[in-house]
Amino acid sequence: MRDFRSDNTHAASPEILDALVRASAGTMTSYGDDEITARVRVRCAELFEHDVDVFPVITGTSGNVLAIAAMTTPGAAIFCHTDAHIVVDELNAAEFFSGGAKLSPIAGANGKLDAEALARAIEENARDGSCVSITQATEAGTVYRADEIRALCDVAHGHGYRVHMDGARFANAVAHLGATPADLTWRAGVDALVFGATKNGALAVEVIVVFDRALATALGPHWHRGGHRPSKMRFLSAQFEAYLADDLWLRNARRANALAQRLAAGLPDVLRPVEANIVFVRLAPEAAASLQEQGFLFYDWPVFGADAYRLVVGFDSTEEEVDALVRAIEVARNKS
Amino acid sequence: MRDFRSDNTHAASPEILDALVRASAGTMTSYGDDEITARVRVRCAELFEHDVDVFPVITGTSGNVLAIAAMTTPGAAIFCHTDAHIVVDELNAAEFFSGGAKLSPIAGANGKLDAEALARAIEENARDGSCVSITQATEAGTVYRADEIRALCDVAHGHGYRVHMDGARFANAVAHLGATPADLTWRAGVDALVFGATKNGALAVEVIVVFDRALATALGPHWHRGGHRPSKMRFLSAQFEAYLADDLWLRNARRANALAQRLAAGLPDVLRPVEANIVFVRLAPEAAASLQEQGFLFYDWPVFGADAYRLVVGFDSTEEEVDALVRAIEVARNKS
Amino acid sequence: MRDFRSDNTHAASPEILDALVRASAGTMTSYGDDEITARVRVRCAELFEHDVDVFPVITGTSGNVLAIAAMTTPGAAIFCHTDAHIVVDELNAAEFFSGGAKLSPIAGANGKLDAEALARAIEENARDGSCVSITQATEAGTVYRADEIRALCDVAHGHGYRVHMDGARFANAVAHLGATPADLTWRAGVDALVFGATKNGALAVEVIVVFDRALATALGPHWHRGGHRPSKMRFLSAQFEAYLADDLWLRNARRANALAQRLAAGLPDVLRPVEANIVFVRLAPEAAASLQEQGFLFYDWPVFGADAYRLVVGFDSTEEEVDALVRAIEVARNKS
Amino acid sequence: MRDFRSDNTHAASPEILDALVRASAGTMTSYGDDEITARVRVRCAELFEHDVDVFPVITGTSGNVLAIAAMTTPGAAIFCHTDAHIVVDELNAAEFFSGGAKLSPIAGANGKLDAEALARAIEENARDGSCVSITQATEAGTVYRADEIRALCDVAHGHGYRVHMDGARFANAVAHLGATPADLTWRAGVDALVFGATKNGALAVEVIVVFDRALATALGPHWHRGGHRPSKMRFLSAQFEAYLADDLWLRNARRANALAQRLAAGLPDVLRPVEANIVFVRLAPEAAASLQEQGFLFYDWPVFGADAYRLVVGFDSTEEEVDALVRAIEVARNKS
């Protein structure tokens, strides 16, 4: 079986597993007041060149919606892309945690919000206490450049709205762009980043990185009240510490990105620019069925067309797996 | 430093860490549709002698409040002990997830709800769609016998209410009583158990064990919407599988319970029956201060009296640590 | 000043004011257990030819969202038209009261949901515990026939979803169609109707008419907990009793509908079928400005086009006002 | 039948009914932007000698919980008396609207919070973003003096908490004390008052009077999202305008208070100081039953003792009714 379903079907980096074993020594203060969490904060501040607060959580959903809840008030809208994870996959979590903020999805090519479209959507539905949510890399496997993020943040801030970045694949975006984490976040106007690790080698940890003290203060009780503050926090923080150590996060992401490029290079009918670790491809249904019978696992993606399929490369996928898929697609296409 | 602050300051069992490493092999379906989670369900059904649904989560808070949310309707009350974790420690999580159910705390000796007091409290404040929440072992380190649980459940069911059991220290209770898990849960009337592992050797996992299909169906969307359904579920389930394997859960609990007995046996002025891994003791403030200066870590417990202190033994605490504390207390008491 | 802004800028029917004075005699049981509310229930059961429960409330928003909250579960979607009041005007009330149900707006000509489009939308986003919300008359001033309602309800019920009808202008729809209230509601599959009176002659009352006992039981605590159950309920119920007496509701609606027809007949460029008391018209901006300078009050309606305007006729509008507007529009158009 | 059940079983003042008829003339801007609501704001500012924002609502419950929701953050507690309406009667509305704030009830003699007990309760359970809620007059029919209110507000403000006053019977308190509305509210530290009219002659209106602009800004969206902002607001505001005109509010309250004094003067075994329009009395159960058979309506009040009963005098109760009750009680007591 060769698995291209999602990055979250993949295993964990050995470095991160080792860190868990090391972290399990002796006793440590619970609920995040431990030394490992403190080190994660310092390390994030260095990496982002900015004072930060950090809130480790176990799911991207919780990271996203806790940050959004802390950014919005009762009458709020959440402006975001129609394909955003918070719209499609999180089963009303954003509405629930925010006490009912209304998702205002905006269409945009290649999974990306456009600053003009955002400005129009806000004008049609301006509400105090709203926020804008950006996904980096996007659900379409594309990446926002720093200037694109800034344009979006400028629109948001012009209305007094804060900006949340869903960074489930932030590492892939940084790896692709070669920009600094700072340039892609607070320097461009992002107020809080959910810095993903789970899809890129961790067992289960994302860190909400908050660039603004007032926002961090508001976020604290959401975190605890949401049941998202584990008592043995060290075991979340240890994963993230290992993730940042020796650029593991970048190495894993670069590897997955490179494999995605290798995969795309071997395929005709690639449907979206390949800028992260995801390739969307058009396939005849019989070709797709044949591939799945051969043990290649992947999902159809009808939102991109009736014959669209998504191929996700994991941080631990191999060149062999990618090349096998390329060959199998070639064979299947020739048959059909 | 010798740490008696809480079981959640302690490390993880090597068996459980090993299981994580083993679980990190190849790809696996995400969001709980993996084979390890399936095995945990089967194993729980065997252990509880009953068909069950299982919902792994990362915190006791989330387990408790998701189960309670699935059991209650908008006008509901949550009848529970005044010292319950959901009242004291979870920062409005029960109110939030249930959409505003009102906590109705009831006093009771030794941390235990009494069936008569429960009946009175419900009569004074009967509301459709309410629930009763029991903590086993209690926050006072005591344990409900099966007949006591049945008496409480009978009162609850007589009003059409469901019963939730906060089992953060369920293992310690089973170890103390020698009763079967079935006798202490569904056979006595419990509808859902939050079966804790974090305090007893896991890194971070509790499993909501649901004995009723309709309740499980209601719980599913709460779980996902709450951001409490991790994508790489295998890493939660693997912890729990190792926890149940070879009775690790019972061995750890027995060990901690025995050390608590050893500790209590060496102390005068023990304030509550010692039936789990917690000892409450009266100490002169100067004695307590002196102990803390010597590197013994523990919390004062003013709710049990101005000079009350809580001593928690971890699954990995040692006889040496316990004996050292006993001796140090003896010395400190003689001085003061 | 001649006011075509909304039906809710208009006054109250003298019959309804008289009923308030009559209701203010002696004491009466509070919170809805009074004799007037009991009579409203009986009267509604007669009118709808079905046993019903009734929940008087003071706003259409509260009526809508309480009914929807009682119909949905945590993971739910609310399928409705893109122009629905619950989407556009109620500031997240549906999301809030339902604990975060996600609005799933569906486009449709003339303000109406189409059964096929509804079926597609549900298929793309099926979720247990969802509901469908229909507006009768629609926000576009059009009206669903009984068979159209049935087609929508059949789709909903096929998925196990309940159906809510926002009947802020239900009277106008009944008056237009000449069908029975029963045929337009439960016989077609509607589970709960928010039967509006405020826009059609009351001071402030809508009644949630529930055709299903289980739903009514679920709704009760939402009603009270929402702060929407006034203590002196008789003063809401008395309004509604007078509204139903001697067909005042139909007489008021027929009058407003007829005036809308009269208005539309005098205008070119009517944008939507006129089936209730609302006329949408295309006007040159200078013409619109000129009319407003002359004291005609009305709103632009950009969602129907840059030069679209909405003209609403009240139950107490006059032929003189309508004719004056027709003439003024004619003059303004000739000028521009 | 002579009705002493509650002030909300009573009718409406003729002056207020007249005002409704007068308000029903011509069209008027909806949702509170009408001239009557504007006048109510001006009149409240004069009465309270302070700039204010006003939010008319139809129930005391909604007024209380909207104000509290605007004052609290996710981790909050609501410190209040154990007998407070928000604890006993509002079915989780405070928890729901605040997104789960935890009620922290505090016992206190004669229905009153004591500043020292409040300080202790807050110290035991301090949480950022909490609030204190005071009821004036209290549920025990007693009244806080200005200095008592100030002492409570000082404690609250010392923790950065805001103060809400449930003024369902504020008029009765002002009438009893002869103090100015300003002295009993903002001058003593109250941030928002729910100024009741329903229990004292209105059909159904309370006005949230907010003394702080930032709080008013926060409250606005709660009001609308809660479905508590009626479209034909003029009919709520007209009630309140008439209530304030010519001191109707004070005249009604003085009348009810005087009748309560007259009632208490005729009774032995009065259980609480009579400072508003409520008298608590001890009665033998047979005496109570006999009175009820004679057509006197009133409730037992077990929270004040097994043989405690509550007698509420309405603004439109009569001396004859009161005297008849006094005589009947005398007769009933002699018999038993």
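Letters are used for the chains, namely A, B, C and D, taken in the order the chains are written, and counting of residues starts over at 1 for each.
FYI, contacts are C-beta pairs under 8 Å (C-beta built on N, C-alpha and C of every residue); 3 or more make two chains touch, one makes a residue touch a chain.
Keep in mind it's a predicted model, so treat the numbers as computed, not measured.
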Between B-C and C-D, more contacting C-beta pairs sit at C-D
Look at all chain centres (mean of CA atoms) and spot the one farthest from the centre of chain A. D
Distance from the CA centroid of chain B to that of chain C, rounded to the nearest Å? 50
Compute the distance, rounded to whole Å, between the mean C-alpha positions of chain C and chain D. 33
Which chain A residues reach two or more other chains? 74-75, 91-93, 96-97, 99-100, 127, 221, 224-225
Sort out for me which residues of chain C touch chain D in the complex. 1, 3, 5-6, 8-12, 14, 17, 20-21, 24-30, 57-66, 90-93, 96-97, 198-199, 203-204, 221, 224-232, 235-236, 297, 314
Counting only contacts in the complex, chain A reaches chain D at residues 69, 73-75, 99-100, 127-129, 217-218, 220-222, 224-225
Residues of chain B defined as touching chain D within the complex: 74-76, 91-97, 99-103, 127
